[in-house]
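Pasting the structures in now, so scroll down.
Two complexes come next, and they have one chain in common, chain A, joined by chain B in the first and chain C in the second.
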Partner chain A sequence: MRPILLSGHERALTQIKFNPDGDLLFSVAKDQQICVWYSHNGERLGVYKGHQGAIWTVDVDPTSTFIASGSADNTIRLWEIKTGRCLKTWDFLTAVKRVEFSEDGRQLLGVTEKRMGHLGTIVVLNITPDVDAEQSDEREMTIVCGESKATVAGWSYLNKYIIAGHEDGSVSQYDGKTGELLDNVPLHDLQVTDLQWSPDRTYFITASKDKTARLTAARNLEPLKKYTADTPLNSACITPKKDFVILGGGQAAMDVTTTAARQGKFEARFYHKIFVDEIGRVRGHFGPLNSVAAHPTGKGYASGGEDGYVRVHHFDKGYFDFMYEVERERQNRL
Partner chain B sequence: MASKNRDWADDDEGDEVTVELPPPQTIQNKDGTKTTITYRYNEEGQKVKTTRRIRLVTHREVVNPRVAERKTWAKFGVPEKEKDSPGPQMDTTSIGENIIFRLSTNWRQDTKDEAKDPNANAMKDKLKDKTVKCRICNGEHFTARCPYKDTMAPVGAEGAAGDVAAGMGDDLSAAQQGGPAGKKGSYVPPALRNSGGAAGEKMGGNKYGERDDFATLRVTNVSEMAEEGELRDMFERFGRVTRVFLAKDRETGLAKGFAFISFADRGDAVKACSKMDGYGFKHLILRVEFAKKAA
Partner chain C sequence: EDAERGASADLAVVEARRRLLDEWLAWRASVEEELVEDRLDRGLPEKPETATKLPEDGEEQVIE
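What follows is the complex of A and B.
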């Protein structure tokens, strides 16, 4: 497996995301620009310029027409993927830490930071799925997180719930229409750093600073699996096609200079989704992994690190052939 | 250089010998493969027949039309230079080194084994031509593991030197009779071991120490780069060397600068001591003296 190294950013990566077809890879970093790459060969298609602060988050709409980005310049921006044109800017009072399109692409949620006397909120915006249409300025809904600010959030299946991870390690379930808090479960001991969905959005994986990642059902927040690592985690994703999860993390960014690369645990860790065993690691970054993303077809994954590199991996045959003994037996019986 | 003006360095014999080559053949096989046979002369002027079997497979890949369309998009927001040139750019995209990524339930163990391997192999190589020989019964095990170590004196030490084979029978019975402690597995202080018998004769001194120090040389001012093998080669000229010990730093693996050489015969040791003292070895002058007995 020879990874493709993308070095389009000058500062630490914050999030990377594949579009639903998996041919484009979006990367955002603290250097104020968004890059889009062809995932098969690592060619850069374009750069979206306009943000005035570090960009924390990016998301692609289901039709690969728009991307939305959230930045420390207190804005969410909507861009046309093809041309790099900025279509809309929504201004907020504080930095935007997370954006995500709903399953149908008609709504966009944003998580705003708690700062300067403002409480952390989750806002929902309506999106008109037309490049030339005027986007509405109005907030469809605002959920205020009084107790502990939300760090990540996402839409469940059919936009039924909004699931949010909080700074105190708890995960809440809000009604997708009314914004009413339905449930709050203390899943983690420390801050939730990432939340990514299964392909059908019925369950999700959360990564946390408490060195664990958890698989949880969206319907009732029932804990399904727990993956324990030996380092704080920054990101986790579920691989399609094979039943694995990928966790990324490493020594906290501020401690990196005092740590050797070998001891920093800057590796992507593969766990079996069902059996919860760690089954392999991929090294390569020389800083913590800030974001991992699985290719939507399951044939590869990408990781973005504090070192400013994105590494795109296409799996070898051995990856797809790997099976537990019980899985193989079952396959033989069928 | 153009083909007409041949380089003077080119071999121009080719023109003469290419006369009688049979024409290349192509045969269509029944199983869908093609066999091509070609002839050529190799560098030594010998005729070489090359037979190739070729199977042509058409591999068709269906690409999502949306994906195909996106591949034709024009670049934007990138530097001018990058905009005009298709394909990945050198300054933003590179290929990383190959990563061996093998999934396994016990990957942790696997990687550990790999890490250990080089050392283990090096050790194996070192020990390849050394045979383990017990000092007590001459068997192929370490002296410490010898089943007779409590009951027999080492070969060569006075007393038990006599005959090993006969000794073994005695030993077994001796073991059964046991020391004062009775049971074989329990610890018996050396002083009480083998009560009676040969013990008295050994009282004279430390059996191992005396024997070793008797013909052991201490070599100092040894180069960092020295290897035990080199020392052995140098000293073997004077007689049979039973043991070479070169002190090495545990972490760096470099020699610490001193070594001990044990000879089988003290006469050889004396000779070696006089000859090798002051011998130049790897830019340093060796200092050789008889080892002092350990305190």
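What follows is the complex of A and C.
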């Protein structure tokens, strides 16, 4: 599994995202630019320039027409993928830490940072799926997170729920239409750092500073699985095709107090999604992994590091052939 | 004797995995059923039309 190294960012990566077909990979970093790459060969296709601060987050709409980005410059921007045109800028009072398009691409949520005098919020914007249309300034909905600020959030299947992960480690379920808080459960002991969906958005994985990742059902926040690592986690994703999850994390050098804790933490860790065993690690980064993303067709994954690099991996045959005895047994019965 | 003990431990692990796999598949079935109901309630087709088609083994195209 030889990786492709994408070097184009000058500072730490914050999030990476494949488009729905998986032919493009978008990356954002603290260096204020959004890059788009061909995922099969790592060629850089373009750069989207305009943000005036670190970019924390990026997402692609389901038709691969738009991307949205959120930044420390207190804006969410909407871009046309093909031309690089910035189509719309929404201004907020604080930094935007997370954006995500709904399943149908008609809505975009943004998580805004908490700061003196401002509570953290989750805002919902309506998106007109036309590159030449005027996008509305209006906020369709604003959810105020009074208890603990949201750090990540996303849309469930059919926009039924907005699921958010919080600074205190809890996870909330909000009504996707009204924003009403339906449930809040203390899933993690420390801050939730990432939330990514299963392909059908019926369940999700959260990563946390508490060194665990958890798989949870969107419909009732039922805990399904727990994956235990030995380092704080920044990101986690679910692989299509094979029942695995990939976790990324690691402690920044300045946070490391013992030399022992320094060894071998900058690795992507693979766990079996159902049996929760760790099944392998992939080395390569020189710093913590800040974002991991599974290729939507399951043929590979990518990781973005504190070291400023993106690494794209295409799985080899051994990966697809790997099966537990009971999985093989079941397959043979079908 | 050691081999026997090892074998029964292995058997227990395999049994536990079989149970986990069965539980997971049962849970998936119930979720998928609910999802189809929710989709039909909203006047949507049972399955999303734009779902990304997963390539089968061996028929993946490599674009150079």
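For the reader, a short list of remarks on this structure follows.
The rule is short, and it goes like this: the second predicted complex is superposed on the first by the 323 of 334 C-alpha atoms of A that agree within 3 Å, B and C clash if a C-alpha of one lies under 4 Å from a C-alpha of the other, contacts with A are read in each partner's own complex, and residues count from 1 in each chain.
In this section, a contact is a pair of C-beta atoms (placed from the backbone, for glycine too) under 8 Å apart; a residue touches a chain by one contact, two chains touch by 3 or more.
This structure is a prediction, so every number in the text was calculated from the model and none was measured.
In the superposition on chain A, A:Tyr324 contacts both chain B and chain C. Judged by the touch definition given at the top, the superposed model places A:Leu45 against chain B, while chain C stays out of reach. When the two structures are aligned on the shared chain, A:Gly53 is found in touch with neither chain B nor chain C. Between chain B and chain C, it is B that contacts the larger number of residues in chain A. Of the two partner chains, chain B is the only one touched by A:Leu5; chain C is not.
When the shared chain is aligned, chain C comes close enough to touch A:Pro62, but chain B does not. In the superposed pair of complexes, A:Gly179 makes contact with neither chain B nor chain C. Within the superposed three-chain model, A:Asp21 lies in touch with chain B and with chain C [touch as defined at top]. Once both structures are placed on chain A, chain A residues 21, 23, 41, 324 are touched by chain B and, in the other complex, by chain C. Every residue of chain A that touches chain C in the complex is listed here, in rising order: 20-23, 40-41, 62, 157-158, 160, 199-200, 202-203, 217, 219, 224, 240-241, 274-275, 296-299, 320, 324-327, 329-330.
By the touch criterion stated above, chain A contacts chain B in their complex at residues 1-8, 21, 23-24, 33, 37-38, 41-49, 64, 82-84, 270, 277-284, 311, 313, 315-316, 318-319, 322, 324. Those residues of chain C that touch chain A in the complex are listed here as 14, 17-18, 20-21, 24, 27, 31-32, 34-35, 38-39, 42, 44, 50, 52, 54-55, 57, 60, 62-64. On chain B, the positions that touch chain A within their shared complex are 64, 66-67, 70-71, 73, 75-78, 82, 86-89, 91-105, 107-108.
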